[in-house]
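Chains: A, B, C and D, in written order; residue numbering restarts at 1 for each.
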Amino acid sequence: MSNIRVAIVGCGYWGQNLLRNFAELDQAEVTVVCDFEPRALTRAKKRYPSIEICQNYADVLTNERVDAVVLATPVSSHYPYARQALQAGKHVLVEKPLAQSSRQVMDLIRTAEAAGKVLMVDHTFLYTGAVRQMKSLVESGEIGQLLYFDSVRISLGLVQSDINVLWDLGPHDLSIMDYLCEREAVAISATGVKHLNTPYENIAYVTVQFEDNFIAHFHLNWMAPVKVRRTLVGGSKKMIVYDDMENSEKVKVYDKGIVQNHDPEKRERLLTGYRNGDMLAPRLDTTEALRLMAQDFVTSILQKRAPLSDGYSGYRVVRLLEAAQRSIEQNGRLIELRESPISLEELLPVSRLAVGD
Amino acid sequence: MSNIRVAIVGCGYWGQNLLRNFAELDQAEVTVVCDFEPRALTRAKKRYPSIEICQNYADVLTNERVDAVVLATPVSSHYPYARQALQAGKHVLVEKPLAQSSRQVMDLIRTAEAAGKVLMVDHTFLYTGAVRQMKSLVESGEIGQLLYFDSVRISLGLVQSDINVLWDLGPHDLSIMDYLCEREAVAISATGVKHLNTPYENIAYVTVQFEDNFIAHFHLNWMAPVKVRRTLVGGSKKMIVYDDMENSEKVKVYDKGIVQNHDPEKRERLLTGYRNGDMLAPRLDTTEALRLMAQDFVTSILQKRAPLSDGYSGYRVVRLLEAAQRSIEQNGRLIELRESPISLEELLPVSRLAVGD
Amino acid sequence: MSNIRVAIVGCGYWGQNLLRNFAELDQAEVTVVCDFEPRALTRAKKRYPSIEICQNYADVLTNERVDAVVLATPVSSHYPYARQALQAGKHVLVEKPLAQSSRQVMDLIRTAEAAGKVLMVDHTFLYTGAVRQMKSLVESGEIGQLLYFDSVRISLGLVQSDINVLWDLGPHDLSIMDYLCEREAVAISATGVKHLNTPYENIAYVTVQFEDNFIAHFHLNWMAPVKVRRTLVGGSKKMIVYDDMENSEKVKVYDKGIVQNHDPEKRERLLTGYRNGDMLAPRLDTTEALRLMAQDFVTSILQKRAPLSDGYSGYRVVRLLEAAQRSIEQNGRLIELRESPISLEELLPVSRLAVGD
Amino acid sequence: MSNIRVAIVGCGYWGQNLLRNFAELDQAEVTVVCDFEPRALTRAKKRYPSIEICQNYADVLTNERVDAVVLATPVSSHYPYARQALQAGKHVLVEKPLAQSSRQVMDLIRTAEAAGKVLMVDHTFLYTGAVRQMKSLVESGEIGQLLYFDSVRISLGLVQSDINVLWDLGPHDLSIMDYLCEREAVAISATGVKHLNTPYENIAYVTVQFEDNFIAHFHLNWMAPVKVRRTLVGGSKKMIVYDDMENSEKVKVYDKGIVQNHDPEKRERLLTGYRNGDMLAPRLDTTEALRLMAQDFVTSILQKRAPLSDGYSGYRVVRLLEAAQRSIEQNGRLIELRESPISLEELLPVSRLAVGD
């Protein structure tokens, strides 16, 4: 089968990374780069002289040498651009977040299914060796019952001009949590603040509640002096610390836990103690996650199957984001997720593998 | 003037630390140790043979060789024991939290004032070199306008048998925040979960809102596989990271911040950028904090002045704790602090220096 | 059997630690504390009022209430004091290094054997959970063939007034290496420098060569701005990093190594590659090492057996120290260890278990 | 002036980095890439289609579209290739080490001077923000008198097939030391071992002695389970820790030191104490060092001046390497540097700025 011909739309910081990765895939070929900025096009052309460049997105849509469109454009353009591309018969990969509302995402899912095209969101972290290792630890039962998920993603800048910290950083951790924990949230509350006259929240704290006493919490901050990217996953048998700032040993599995003291006689202060065992840092695959993500997009097209971070993954994340946003705007009020316009149950009949032409 | 004669009541883990520190003070003398457990008394007697031991708190109250009582007993006993001691004419130092409700604390404050005795709560962290250094950085204006306070205090165990993680670990960070930030909270929300059939919350997230867009957040967890004690203080000019697990350089001051881009022409993605300067880790006084706290109690008695962590400090902390607890019980509902039984304004006429003979 | 009655001689920084540990042992009792400094005696008496104090070492030697002498005095006194104590019929534990020359140590060993008394040196680190764990990893064969031992022990101060950094810090790492690696050194070279008009070397680098291509290297420094205590043990199968400054996970075992590429066709740059597997941080016993060392001394006396860090352990360490010192004085010349006054072979007939009365 | 036309010779791992950096310079243009491996040429051509490729180095030498040759070839080819290029009238930049002996380097220097061409060695680290910051700290006198330089560069692999760890990793740290400390070594001793049947040393320890009690030490290791790249620079006023594995704050300046106690009365154990002040981590320029190095080469050609890491820098480093190698082969014998074939004094008359045509 011939190579998938890809157009990169938006060639800023992340677009250049996507360009490089797609350019180096065996089964793909970047035929077009599109950007408003002439400078971005010149830069791309210098690196990849055989690539066609254009400033007008409409030209991408009508270009017959384009099978798939990769959108690394501002978030507000994700929905209209993706919709147009699907309707023009292109497969679509969209930078996170997939769109600005769960309604938009659902519409994209329906449009992709009607068109028989692949719709994918770039939840890059799902493709890291670290997250894949954690997934296998959770799935194998080694961690035991999941108790909590706690994530901190903070650093200085980059303050975005079109979205707040929740919509910018949140998709990373929400998608990881969604992937690892595979359970439906029942309610969400969030607090956000805007400092220094920025129009958007630069700090957000998000708490997600689930039915089974499992809890997830997210600290997102663009104004922290240090870069922290750390996730704790607490289980009844073992606990994981995932520290993405470590050069190696990013995932540490602690054989630690709480043990109950059932001796009724004991008049001691501690009714419960803790178990303190070994720590294991498993070897991780170090393949670039973006490469694997790009490959999954191409393979999904070729094999007519859904990618790992498909439209539904995008939907579940955007649904949490919009509920968290609503909570922020209502000063931290608990938002029941059944208040969302479309419930997840409603989605279930839609087969995740229904991609075809 | 003769030495202050101290009774240590409750000689478990923390009581032993208090015993050692008071025993080594120049202007104090530990005359009595009281504990229900004969073993605790034997251990204390072996170390300090000249000390009088007793199992009955009533004996401490009537003992004429006791000027001041130091309570390191279960939280539920703080209020009755402290009240009895004050009424018996003893000065009182109480382990944190000062009591179980703000009403109780207020009653202790009134009782102490009526008796002309010192009432103090052991907010040990206020006496660390790290917190004192941070206080001076905030007070000098070097940090600029305070933007946020974010604190994480997590580790494995020790699960307490009489209080939850909020009341056990929360007083440390709430007292530091109260001391550094000196502003009145307007609302608080908190989420807590109980895992593994423990009767008390073992994880709590607390968000405190203030009038001026300043925000404080606390992550408290008894079930984390790693020990983290890190506080971020964000200012408009500089930012502080206080990492209590560092062997040295516990306080780092970052000359970092967000800068606005006022160029209206600029069509760039970033309307705001960040400033990235030096980092300074100031030398810290390494005197044991508990020693300084004990000394402050003794000096306050001798000089008839209020200690740093006086009853009002205890009141402000307990007021936040009880509002956070209420929020946890109402599933994260935002609690306005004016809902509290006694407002802080009401307290103001009471002179903080009204300690007398 | 009745308790072993111990005299602590020298009650400065380390002597106080020894005092506390012996005082809390079940089978021992500290009956006497001896120090030139009245202040040290007052301090000890305040803590342990029942203890007899004296300023004159001769009084310890003749005291019938003393079964064993613990020497925490300046290094130059170790030999004469230990010799006198053994001759007076006391068991002897000596602070490291055991003496100032291997001849002195050998004489102490002979004296102890003649007197049927225990002679022990305080190589505290051998009793840490970390070193004991490493020992078991090496002994079990899990590490494979030992390739190298590399140790760094640096910090700021404390500059000693009677010995250089080699004799002060060196015994720690040399005793650990001796214990773990159990092989005879054939040659040693060392470089040392004296800065800022100090009479003694404040930096030393020591390289020890062995017959089987195993190499050991030691970096000792009193003038480093940061505290580093890190040892690498390289094996053909696994490698260990022992970082004593870590709060937990002090010992990390890396399933890493070099693999040979035997493909003769391969014209690649790399003839050898590396194997990169998991890392395991085993749970360590956290019992205070000094307690276990003190206990070993007492048990050795009671059971008439040799302690772990017996005179021969002290001998092997002092023999390396004196050869390294000679090398420093000869500007790094390689010193063959058979140049030493007494060879290790000469010692072999002497049974290590010949302690008895 | 027209762009400098560059040929990249050897396009393996490092050659590709050089290619990318020269391709992106404003005043340079990569016209030719030469490599034995067709695969390397295909890869380069795919990225930069306008580049001429060739397998034969002779074709580079005769190519009139080449002003300057950049050699990233095996070390044994450095000398003949560089010599030929200079004689063919090309400027030359050589990967470190500049050649295999100081005689070879001296011949290259003379050849370059005769030809009026730039000869440069790629001591990349001199161009890092970290080393430039350290240089300014040393030069300004802020550090005081230099006392020691201690460097550790260890990790797992990559074992090289043509040189040992000394010649592979040593140039980095020796060039940094040479640049920062600017003093002439008088003697050197080194120990190295070969493990696992590798033909070359995989561990080396190097000690360099200087006239003024300043000492430098280097630990180089290809078989360490962890990656450490840490340099300590001790001064009489301040001390620097340069940790290249840190994500930020790579350079930390400690206001710490030893202070003499001049009180003759004092009978205390400590005659010297230490001073413990603030730590400052200055902001560092994060421009890619390789970019600055490439730019320095091009600017040197255009401005007819010597680059920072010129032939003499290469000479001083190779001179230390060959003396260290000799010491390794003589089992750690101290090698006096005046034993070297050409003394540094002999070089002094040669102007470092005599580049020109």
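Here, a residue touches a chain if its C-beta (ideal position, glycine included) is under 8 Å from a C-beta of that chain, and two chains touch if they have at least 3 such contacts.
The model shown is predicted, which means the values in this text are computed figures rather than measured ones.
Undergrad: Among the chains, which is located farthest from subunit A on the basis of C-alpha centroids?
TA: Centroid comparison gives C as the farthest chain from subunit A.
Undergrad: Between B-C and B-D, which chain pair shares more contacting C-beta pairs?
TA: B-D
Undergrad: With centres defined as the mean C-alpha position, give me the subunit A-subunit B separation in Å.
TA: The computed centroid separation for subunit A versus subunit B comes out at 39 Å.
Undergrad: Centroid from C-alpha atoms only, then distance subunit B to subunit C, rounded to Å. What do you get?
TA: Here subunit B and subunit C have centroids separated by 42 Å.
Undergrad: When the C-alpha atoms of subunit B and subunit D are each averaged to a single point, how far apart are the two points in Å?
TA: Inter-chain centre distance comes to 53 Å.
Undergrad: Give the residues of subunit D touching no fewer than two other chains, as numbers and ranges.
TA: As it turns out, subunit D has residues touching two or more other chains at 226, 276, 279.
Undergrad: For the complex, give me every residue of subunit D touching subunit C.
TA: 12, 147-148, 150, 152, 154, 156-161, 187, 189, 191, 193-198, 202-203, 205, 207, 209, 213, 215, 217, 219, 221-226, 232, 234, 236, 239-241, 252, 254, 256-258, 260, 268-274, 276, 279, 331-334
Undergrad: Please output the residues of subunit B touching subunit D within their complex, sorted ascending.
TA: These residues of subunit B touch subunit D: 249, 255, 276-283.
Undergrad: Using the touch rule from the top, collect the residues of subunit C that touch subunit B in their complex.
TA: Answer in residue numbers: 47, 49-50, 226-227, 245, 247-248.
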